[in-house]
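Once you scroll down, you'll see the structures, which are given as C-alpha cells.
In the two complexes below, chain A is the common chain; its partner is chain B in one and chain C in the other.
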Partner chain A sequence: MTPNVKLLDINNVAIGIKRRKRETLVIVREANFDVNYGEMVGIVGESGSGKTMICRAIIGTLERRGASVIGGEVLFEGLDLRTINEAKWKTLRGKVIGYVPQSALAGPNPVLTIEKQLAEALSQVEGTGSMKNRSKELLDLVKIRRVDTVMKQYPYQLSGGMRQRVMIACALASKPKLLIADEPTTGLDVTVQSQIMELLREIRRDLGTAIILISHDLALVDEVCDKIVVMHAGATVEVGPTSSMATPRHPYTVALNSSRIDVAKPGGELLTIKGNPPSVGQWNPGCRFAERCDYVQQDCLVGEHPALSGNKGEHQSACLHADKIGKI
Partner chain B sequence: MASSAINPGAPAEEISAEQKVPDKNRIALRRTLFGRFIRSLVVAFWVMFIAFSLLRFSPGDPIRLALGTDATEEAVAEMKQKYGLDQSFFVQFYDYFTGVFSGDLGTSFFSQREVTEVVAMHLPVTLMIILLSMGAAVIISIPIALSVALSRRPVITYFFRTSTSISLAIPGFFLALLGLLLFGTVVTWVPAAGYEGNFPSNLKYLWLPALVNCFSLVPILSRVLHSSLMDTLGEEFVETGVIRGVGKLKFYWSYMLRPSLAPTVVLVSYMVGIMIGGTVVMEMIFSLPGIGRELIEAVSTRDYAIVQGIVMIFGLIVVFTSFIGDLLGYLLDRRVTLS
Partner chain C sequence: MSKRDILMEVENVSVTFGSGATAVEAVKNCSLTLNEGEPIGIVGESGSGKSTLARVMAGLQPPSAGAIRFRGDNVFKGNKSFQSGNRNQVQMVFQDPYGSLNPQLNGLSAVAEAVRIHTKVGKDESEQKALELLERMGIGKLDALKRPRQLSGGQRQRVSVARALSANPTVLLADEPTSAIDQSAQAQLLKLFLGLLNDGLSIVLVSHDLGVIRYLTKRVYVMKDGVFVESGDTDTVFNDPQEDYTKMLLASIPGELGKAARAKLKK
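Right after this comes the complex of A and B.
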C-alpha cells in the first residue's frame, strides 16, 4: 500500500442523459474528489444529488441507463475510464473495482442459490482450491455463520443483513482495490447497520481495500470514513479529511450537520434544511445552494456555480463566502 | 483436491458437516408437492361429480332420443335398465365412480362404442393441435418479448403494443377461413379435408390451425412476458449481473428470463386448459377429428356416457397442467409460492 498515491481521481466530472431533439439533461456537474489506496471515503448528499450516478460512472454501468460521462475525467490508477472499451471494462468491473448495490434486499439474484452466486463471482478470477472452499472462505470473511446452510439457500430465505453480507462477499471475491458501497445499509435496522459498517471497516483494515461509502447519513460517514465528500445538486460542494470537516466551510454541510439527529438537543426541535434540492435541469445561475442558504449574498446569485477552492487533497469548499461561515 | 493432500482431515469433515445439514428446501418441496397432489385429486373428484350430475339434471331424455318417438314403453324400460338409468342418482354415480377406477368410462347409447375408445381415438388430435400451437407460441413469444424489452426504444414498444392488440382483436375463425382460402385453394399447402393420425404426416393438416391459434396466443404470452421482463430490468440484481461480468447466454437466462418467466409459465399451463375446450372451433373449420367435435355431438344427443367421460378427461387435464405449471414456475423462481 503506497500512501498518498491516487487510486481514483474524479476531475470536474459531468454526467448527463443525451436526449434526442432536446438538449442533454445534465445530472452531475463539477464532481471533484479523489480516493487514495486503502482510504475510506464517504460521499453524502440528499437524494438526487448525483451520488449514485458517480458510482455508476466508476463501475461503468451508466450507459445501461442511457446516461454517460459528458465532461471531465474519471481517472482510475491514471487510466481515464471514459476512453476504455467494453473489453477493458470487463477486466475492471467486478474485478479491480467491486460494487455493493444500493438495496440489500434486491441486490442478489433471486433465482440463484447463494452458492451459485458466489461461484459466479469467483469464476471471474483465478484462485486455488475448490470453488466450494473458496466460497466458504468468502462467507467466513463476511462473518456468516452456518455457512453450509446459507450456501444452499436462496436470497429470499435470508435476512436483509445477511443478503448484504453475501453481496459484500461477492464483491470481495476478486480482492478489489476499490469497493464501492452504495448506501449499503438502506432498509436495514440500526444494529445490523452498525454491524455492516464494522465489517466494511475490518475489510479495509485487513485487506487494504479502498472503500467509497455512499450515504445520506452524515453521522454514519463521520464515524467510519477518512475523508468526506459532500454533494449537492450534482456538484461537490465540500471535500476534506473527516477531522477538519468538524468545522464545515460550506453552508450546506453546516445545514446537514445541524439536521443530524444525534446532535439535536433532547426535547428540542429537529432542524431540517429549508426548501428542496433543485430539480435536475432546473438549476438557477450562480450557486445552486443559494436559494436554501442562510448566508446568501448578492454575488451568490450570478455567474457560474462556484468552483472548489484550494488544492485537491486539502479541505476544499465551493462557497464564495467560506470565511464567513460560523461567524454569523 | 490439493488441500486434501496437505490436510487429509479437512475433506472428511466437510462431507460429514454437509450430511448433518437437513435440506429444508427439499423437505418443504416434498411436503407441498404431496399437498398439491392430494388437492388435485379432490378437485378431480369434484370435476367428475359435476360432469356426472349436470347432465342428469339437464332436460331431455337420452333413451327416447336414441330410440325415437315411436318406441314402446317396454323398449324404453329395457334400455333404461341396461344402462342403469332406472336406479337412483347416487347408485348411478357410485357405479360410474367405481367403473372409472377399473378403466371403464361407460358406453355410448347410440354408437355403442366404449368411451375410452372414443377418447383414445380423438383426444390425441386435439392434444396435438394444442401442443403445436402452444409450443410455437412460446418459441415465438420469448425472442419477441426479450428484444422489445431490451431495445428501450419507445417506437418499438409502441409498435409491439399496437400489433399485438390488432392480432388479438382478429377472431380466430375469421383467420382460419382466410387461411383455408389462401393455403387450401390459392396454393394447396393444406389438404382441404381428411386426416392422417401418424406423427410426421399429420403435421400437414395441423400446421395451419396451430398458426391461427398463435395469432391469439403470441400477443397474450409476449405481453405478459414483456411486462415481467420490464419489471426485472428495473431490478438492482440485473446490474449485479453486469458487474459480475457473467457471459451473455447466462445473463439472458439467469438474470433476465428466469426471474421473469414464472407468470408466463403459469399462464401457459392455464391456457392449455382453456384451449382444450376452445379448439373445437378449429376442429370444425378444418374438419379435424378432434375430441371437441365429439363432445359437441354428444351434448346435442344427450349421450351421457360420452359427455361425462370427455368432460372428466378435460377436467383432469386442466388439473394436471395447472399443477405442472405451478411446479415449473416454482422451480424457475423460488419466490413463487406453491401453496
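Right after this comes the complex of A and C.
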C-alpha cells in the first residue's frame, strides 16, 4: 500500500447524455474528488445525484448508455481515461479496476454454475495453477464456506449475501488496484450488510485495494470509509476525511445528517430535506441546492454553481456561506 | 394513559407451505397482540417468516393453524376467507412501490380507484377524496397526475400509503416500507407515519432495519426461523437485549446505534 499517493483523480468532471437534435443533457457537472492507493472512499447522495454515472465514467461504460464525459479529467494513475481507446480499456476494465454492480441479486449469470462464473472471470487474467484451484482460492478470499458445494451451485441456490460475495470474488479475480462497489448491500439484511462491509475492509487491508463505496446510507459510509464525498444534483458539494465530516460544512450534508435515523430520538424530530432533488439536468442558475437550503442568500441564486473551496485532500465545501453553518 | 383495548390478536399461528417431506414451516406457533392506536414492530432477517406473518394478519394468507382475531372476531372462519366486514380495516403497504402500483395509472387514478372500491362513491367524489389523501401524504396535485415511473421512490411509496389509507383502515401493515428508498425520503415517510399514529391508526411495521423500528414502534417482536425469539418494549429490547440473536442483530447496525451493542458483544 502506498499511502497518500493519488490513484484516481476526478477533476471537474461533467457527464452528458445525447438527446435528439444534437442537444446534450448534462447530468453531472463539477464532480471533484480523488482516491489514494489503498484508500476507502464513500460516495453518498440521493438517487439521481450522479453517483453511479461517475462510476461508469471510471470503468468506461458510459458510452454504452449513450452518455459520455464532456468535460474535466478522469485521471487513473496519471492516465486520462477520456483519451484512451477500447483496446486500452480492455486492459483496465475488470482488470485494474474492478466493479461490483448495484443489483447483486441479479448480478451473477443465472445459467452458469459458480465455478463457470469464476472461470470466466479468471480466463481474462493470467495466473498459475488449475482454474479450479484458482476459483477455490477466490471463494476462500471472500469467506465462502463449503467451497466445493458452492462451486457446483447455480446463483438461485445461493442467498443474497452469498451472491454478493460471488460478485466480489469475480471482481477480485485480477487483483485490481481499485474496486468500485455500487450500493453493494442494498436489499440485503443488516447482518449480511455488516459481514460484507467486514469483507471489504479485509480486502482493503490484505490486498491493499483502494475501494469506492457508493451508498445512500451515511451511517454506513461514516463507519467504514476514510474519506466521504457528498454528491447533490451531479456536483460534489462536500468532500473530506471522515473525521472532519462530523462537522459538515455544506447545508446538504447537514440536512442528510439530521435525517439519519440512527442518531434520532425515537419518535422525535427527524428533519427532512425540503422539496425534491432537482430533476436531472434541469438546474436553476447558481447553487443547485439553493431551493432546498435553509441558509440561502441572494448571491446563491445567481451565476455558476459554487466551486469547492480549498485544496484537494482537505475538507472542501461548495457552499458560499459555509462559515454560517451551525450558527443560524 | 388508560389501558388500551386489544385490537388484533394473533394466537398460536403457524403457516406451512407445501406438504410431506418438502414442507416448510415459515411461521411456527407465533402469538402477538396489537392494541388500539399502537405502533408495533416485527424484526428479523430475510426468510425469518416476518412477511408471511404480515400477510396472514392482512388476510392475504390463511394460517395453517391458530387464529387471528380482530376486535374479538376470528377473521378466518370455516372457509378460511377473511370476514368481509373487517377485510378493509387492515391495509397493507408493500416493500416495492414500483411493483405494487399500476404503471398505467397516475397516482390520482390509482388512489381514486381504491376509494371507489372501498366507499362506493362516484367518480368526482372519489377523485376529491383521493386528492385529499395524496395531499396528506405530501403529494401535490401536479405530482398526483404523474405515473409511477415519473415519480421518485419516496413519492411512489407515499402514493401507495395514500392508497392503503383510502379504505379508512384501523391498522396499517407496512412490510419493509423504507428499504427501497433514500434516507431523506425515509425520514419523510416516517414523519407521515408519526402523523398517522397521532390520528389513532395502529401500525405494524415489518422491517429488518432496526433504526426504523426503534424510531417508530413502542413494542417489538424479534423473529428468527419462524419463531419469536424475543419481544417486549422497544426501549428495553434495544437497551438490554436478552437473546444472543437480538444482540447480534443490534451489533450489525452501522453507525451510532450499533456501537453500544458492538461494545457489549465484545466484552
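Simple rule for what comes next: the second predicted complex is superposed on the first by the 326 of 328 C-alpha atoms of A that agree within 3 Å, B and C clash if a C-alpha of one lies under 4 Å from a C-alpha of the other, contacts with A are read in each partner's own complex, and residues count from 1 in each chain.
Everything below uses one rule, namely that a contact is a pair of C-beta atoms (placed from the backbone, for glycine too) under 8 Å apart; a residue touches a chain by one contact, two chains touch by 3 or more.
None of these values were measured; they are calculated from a predicted model.
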Chain B and chain C placed together on chain A: clash or fit? fit
Inset, instruction - Applying the touch criterion given at the start, work out whether A:276 contacts chain B, chain C, both or neither, answering first, second, both or neither. - result: second
Report task. May I ask you to decide whether A:120 touches chain B, chain C, both, or neither, giving the answer as first, second, both or neither? Result -> first
Note, angle between chain B and chain C viewed from the Cα centre of chain A, nearest 10 degrees, works out at 70
Pick one for A:20: touches chain B only (first), chain C only (second), both, or neither. neither
With both complexes superposed on chain A, which partner does A:145 reach: first (chain B), second (chain C), both or neither? neither
Smallest Cα to Cα distance in angstrom from chain B to chain C after superposition equals 13
Chain A residues where the chain B and chain C footprints coincide none
In the complex, the residues of chain A that touch chain B are 59, 61, 64, 66, 90, 93-95, 99, 101-103, 106-112, 120-121, 124, 128-130, 132-133, 148-149, 152-154, 156, 167, 170
In the complex, chain B touches chain A at residues 1-3, 14, 17-18, 21, 23-25, 152, 235-237, 239-246, 250, 254-255, 258-259, 332-335
As the complex stands, chain C meets chain A at residues 45-47, 152-153, 155, 179-180, 182-188, 190-191, 194, 208-212, 214-216, 234-235, 248-249, 251-258
Seen from chain A, its contact residues with chain C in the complex are 46-48, 159-160, 187-194, 197, 216-220, 222-224, 255-256, 259-264, 266-267, 270-273, 276-277
